[in-house]
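You will see two complexes here that share chain A, one where it goes with chain B and one where it goes with chain C.
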Partner chain A sequence: MNALRITWRVTRLNFRAQLEYRAEFLLNVAIGAIWQVSVIVFATVLLARFTGMGGWDSSEVLLIPATRMLAHGLFVLLLGRVHFIGRQIQEGRIDIYLMRPMPVHRQVQLSYFPTNALGDLTVAAGLMVGALSRSELDWSAGRISYLVAAVVGGMLLEAALFTALACASLRFPAADYWSRWLEELLGTFGSYPLNVLPRAVGGFLTYALPLAFVAYLPAAVLTGHGHDTGVPYWLAASAPLVGVLAYLGSRLLWRWSLRHYTGVNG
Partner chain B sequence: MSGSIEVHGLSRVFHTTVRRPGVAGALRSLVNPERVAKHAVSDITFDVAPGELLALLGPNGAGKSTTIKVLTGILTPTSGEVRVAGVVPYQERERNARNIGAVFGQRTQLWWDLPARESFAILRDIYEVPKAEHAARLKEFDELLDLSSFWDTRVRHLSLGQRVRSDLAAALLHDPQVVFLDEPTIGMDVVVKEQVREFLRHQVEQRGRTVLLTTHDMTEVERLAERVVLINHGRLVLDGSLDEIRRRFGSTWQVRATLADAHTDAVALPGIALLRRDGPQVVFGPDGPEAPTVNSALKAIIERYEVTGVAIDEADLEDVMRNAYAQAGAAA
Partner chain C sequence: MAALSAWRVARVTPLGELNAPPRMTGVALRLLVQVVLVASLWHGLYSHTGTTAGLGESQAVTYAVLAVLASRLRELDQFAGRDTVIQHMHFGTIVYWYLRPLPPQRYYALRALGEQVYGFAWALGGYLICLAAGVVEPPGSAAVTGVFLLSLLLGQWVLHYIMLATDQWCFWALRNNSAILIIIFAQNLLSGVYAPLWFFPDWFVTMSSFLPFQATLNVPLSIYIGRIPLSDAAGQLAVQAGWVVVLALFTRFLWRRAALRVVSQGG
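Showing the complex of A and B:
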């Protein structure tokens, strides 16, 4: 209970602090939205010029970037401070977190308010509304529940990937640069059906770097393409669970990494 | 024991890669890295009693910060045992955190974008300090550190002195038994330095806190510490009082005495050498490792000779420590 109170209090204060720098606040919201311009262009071109992609029709494809974006926006808002943790390591802030009676991971998440997430989420919400309104699927309670689980699972999977990189950064701060590569990869390949890619690339993005589980596989299950993904149906349908398990695994890795943390400057 | 610090055989080894010189060397290091073990701290043993202020001294890279990081639970030692207020810091990190406060002069634990007072309130919640207790302690700290004149300013806009005073308050608001201070007054002006020293003295003498202080400021050591642990190259060189340090490394005092009778035979005294004589003017200095302190030497000279005047040239602690570091470095 105390943990929730502290989390709420710090988040509120951090948000208020951001609001006091009005121009900075608005710029951060704007950059969050503009950062997703490639997704917006992709969606616009998809709807205006093509009838479909890889056997999916346009409205079905649109569900992929909408799910990914919403998962990404929630990740940035709730768990995104592990992204670029190298700076906090270099500034010795991890050392300070280790001296407080509070989990270090929580302190990292409470270090500042991610204003850019508001821009991300605004674009994502608009995209999801657009995707759902164009969808011809029967949005039963079960389907809606699965979509919600898929978004949460996608958020956790993205958090797991960035947490794993943060663990590497605890040991080698330069590993932080891989975060940029990962973000770029998620943005580039996370928005359309992976069956349009060569099989090897699709396999890599499914089993080696499992971004297929963020949005592509859950969208395939929702739109009836679950048997055509090259992934066993049960595994594709378990995408939200994969996100949960990956996140739990990454948190175990985080705990192990903190125990082996050597700090900076001796 | 409550509030004590116990360090026994502490060692911490870091494994690093040796960079070979030149571009070819760098490429070779990339393909075939040479790993070496760097002993940041080697077999260090010392204790700090509850309510004692100990200065942990040594030149840059001596191992002071590594020692503090182990004691605060940031680092796990390679070997040895450490207890702070009865807790092994790296095994029970959160429990240890409740018993300790720490200030690193070059870093802040405050929220950068928030006023210092908001950080105090967050820390109150984190450490679960009752509101009334928190308010009373904050009032006390305000009287000693004049916090209220700037605590509503965002931390990013505070001066260094204001920021460190806020950090000191933040580190002590949960009433820790043990306090670690790593160069707390670095870069401060003399007025604020004195205010901080007065605050620390109050915390030790009135509140009974155990303080482990690292600093390069010898005035600070003279004003605050009775006992000093000196480390160099990761090894403990000396554990003793300031007097002991002066006796062992401060062999630069001179007593210039003017004898009442210019014809009196002047001779060396136990531990005191006769350096030179010019008529009634006689200059004495320390002789060997058992030389007395300058005060004891002066007493012995006055008791032995009838003098009409004395002048003392004594090395200050800065000189003593320079000498100590040089000797310790040569011995390592």
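Showing the complex of A and C:
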């Protein structure tokens, strides 16, 4: 309870701190929205020029970026500061966090308020409403529950990937470079059916770098394409659970990495 | 002597890069994976489609892969060396740029030039490998190659001024994180990194023709793949040169105004 109260108070302070630079605050909200719009633009252009992408119709394809973007917006809002751990390591801030009576991970998450998440979530929610209204599926309670689970699972999976990179940054600060790439990959290749790609490349994005579990596989299950993904149906359907397990695993990795963190002073 | 100091300034960021093997490995692997993914995507999309928006499969793949390679030209990490304008503004060390015998605008330009040359080496290496592997098509003729190289030079010049103006924004707003992200977005979208501009609706292509971003990448790449014929290239090169002049004057003006805002030790 005490931890929750502290978290709430720090978050309020961080929000007020963001308001100190008004132009930057507004630009931050805008950038969240604009970044998400870029995903929509990319998907829309592809859909307009290449109809019937991978055997999916456009309303089904839209469900993929909508799920991914909503998951991403929640990730940015709740866990996104893990993104900047590399910089905090370079600036020696992790060493300061280690001296304080609060878990390092929580301090990282409370380091600033993610204003851009406001724009992210607004656009993502808009796209999700648009995707659901165009969808011809029967949105039963079960389907809606699965969609909610998929969004949460996608958020946790994205958090797991960035947490794993943060662990690498504790050992090699330059590994921070990879997080920008990962974000780019998620934005570009996480927003349409991966079955348009060659099987080997699709396999890479499923098993090596599990982007497919963020939105593609849950959307495939929801739209009835679950048997055409090249992945066992039970695994595709378990995508939300994969997110939960991946995040738990990444947090264990974080704990282990932090125990072995030496910092610049040895 | 001036050449020696210029050389020393220009090589700072590349040297930092060469001393960070994980980052270099990252660049190589990232380029490789990105090229494979992008080429696979466009081949996959074209598997059931012929020519669309005036682009055939090999043209679209070549365009997309070259866009990936070109986007690596200015990817070095100045942040690790604490030498970005935003960091200097944050820590108050921007004043040192004005106390050195080297003017800040020249220092900035030399650093950018060093990054550009280093990035070009990466892009060229990647291009040669892609060409040998048959991922990209060679240019149509020697004349196309020459015009493409000139257009690429002008395009990178325009991009340099855009990035400079973004950094100069710090002198007024103190922070430019969001401005940089917006510029990156605009650059990627309006220059054709996300998808060749030819795929976009006509109104979008018309709108982007009034902005400098399409001059950075879309023009040289379109010349390379033959989507812009050589007969139309002169006009496009003139537009690029026009943007270079306009942005050069604009950023020069901003440097002057910025110098008036730099305060040392409280004034």
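The rule is short, and it goes like this: the second predicted complex is superposed on the first by the 253 of 266 C-alpha atoms of A that agree within 3 Å, B and C clash if a C-alpha of one lies under 4 Å from a C-alpha of the other, contacts with A are read in each partner's own complex, and residues count from 1 in each chain.
Note that in this section a residue touches a chain if its C-beta (ideal position, glycine included) is under 8 Å from a C-beta of that chain, and two chains touch if they have at least 3 such contacts.
Not measured: the values here are computed from a predicted model.
Participant: Would you check which partner chain A:34 touches, where first means chain B only, second means chain C only, and both and neither mean what they say?
Facilitator: Second partner only.
Participant: Examine A:45 and indicate which partner it touches, taking first as chain B and second as chain C; both and neither are also allowed.
Facilitator: So A:45 only meets chain C here.
Participant: After the superposition on A, what does A:90 contact: first (chain B), second (chain C), both or neither?
Facilitator: Once the two structures are laid over each other on A, A:90 reaches chain C alone.
Participant: After superposition on the shared chain, which partner residues are touched by A:17: those of chain B (first), chain C (second), both, or neither?
Facilitator: The first partner, chain B, only.
Participant: Answer with first, second, both or neither: which of chain B and chain C does A:175 touch in the superposed model?
Facilitator: Only chain C; A:175 stays clear of chain B.
Participant: On the superposed three-chain arrangement, identify whether chain B or chain C touches more chain A residues.
Facilitator: The larger set of chain A residues in touch belongs to C.
Participant: Please work out whether A:263 is in contact with chain B alone, chain C alone, both, or neither, and reply first, second, both or neither.
Facilitator: In the superposed model, A:263 contacts chain B only, not chain C.
Participant: Where on chain A do the contacts with chain B and the contacts with chain C coincide?
Facilitator: Correct list for chain A: none, the interfaces share no residue.
Participant: Okay, in this complex, where on chain A does chain C touch?
Facilitator: 21, 23-24, 27-28, 30-31, 34-35, 38, 41-42, 45-46, 48-50, 52-54, 87, 90, 116, 172-175, 177-178, 181, 185, 188-189, 196-198, 201, 205
Participant: Write out the stretch or stretches of chain B touching chain A in their complex.
Facilitator: 14, 40, 61, 65-66, 69, 72-76, 93-95, 97-98, 100, 102, 104, 107, 109, 111, 113-114, 118, 121-122, 125-128, 154
Participant: Going by the contact rule at the top, pick out the chain C residues touching chain A in the complex.
Facilitator: 20, 22-23, 26-27, 30, 34, 36-37, 40-41, 43-49, 52-53, 77, 79-80, 173-175, 177-179, 181-182, 185, 188-189, 194-195, 199-201
Participant: Mind listing the chain A positions that touch chain B in their complex?
Facilitator: 2, 5-6, 9-10, 13-14, 17-18, 91-93, 95-96, 98-102, 112, 259-263, 265-266
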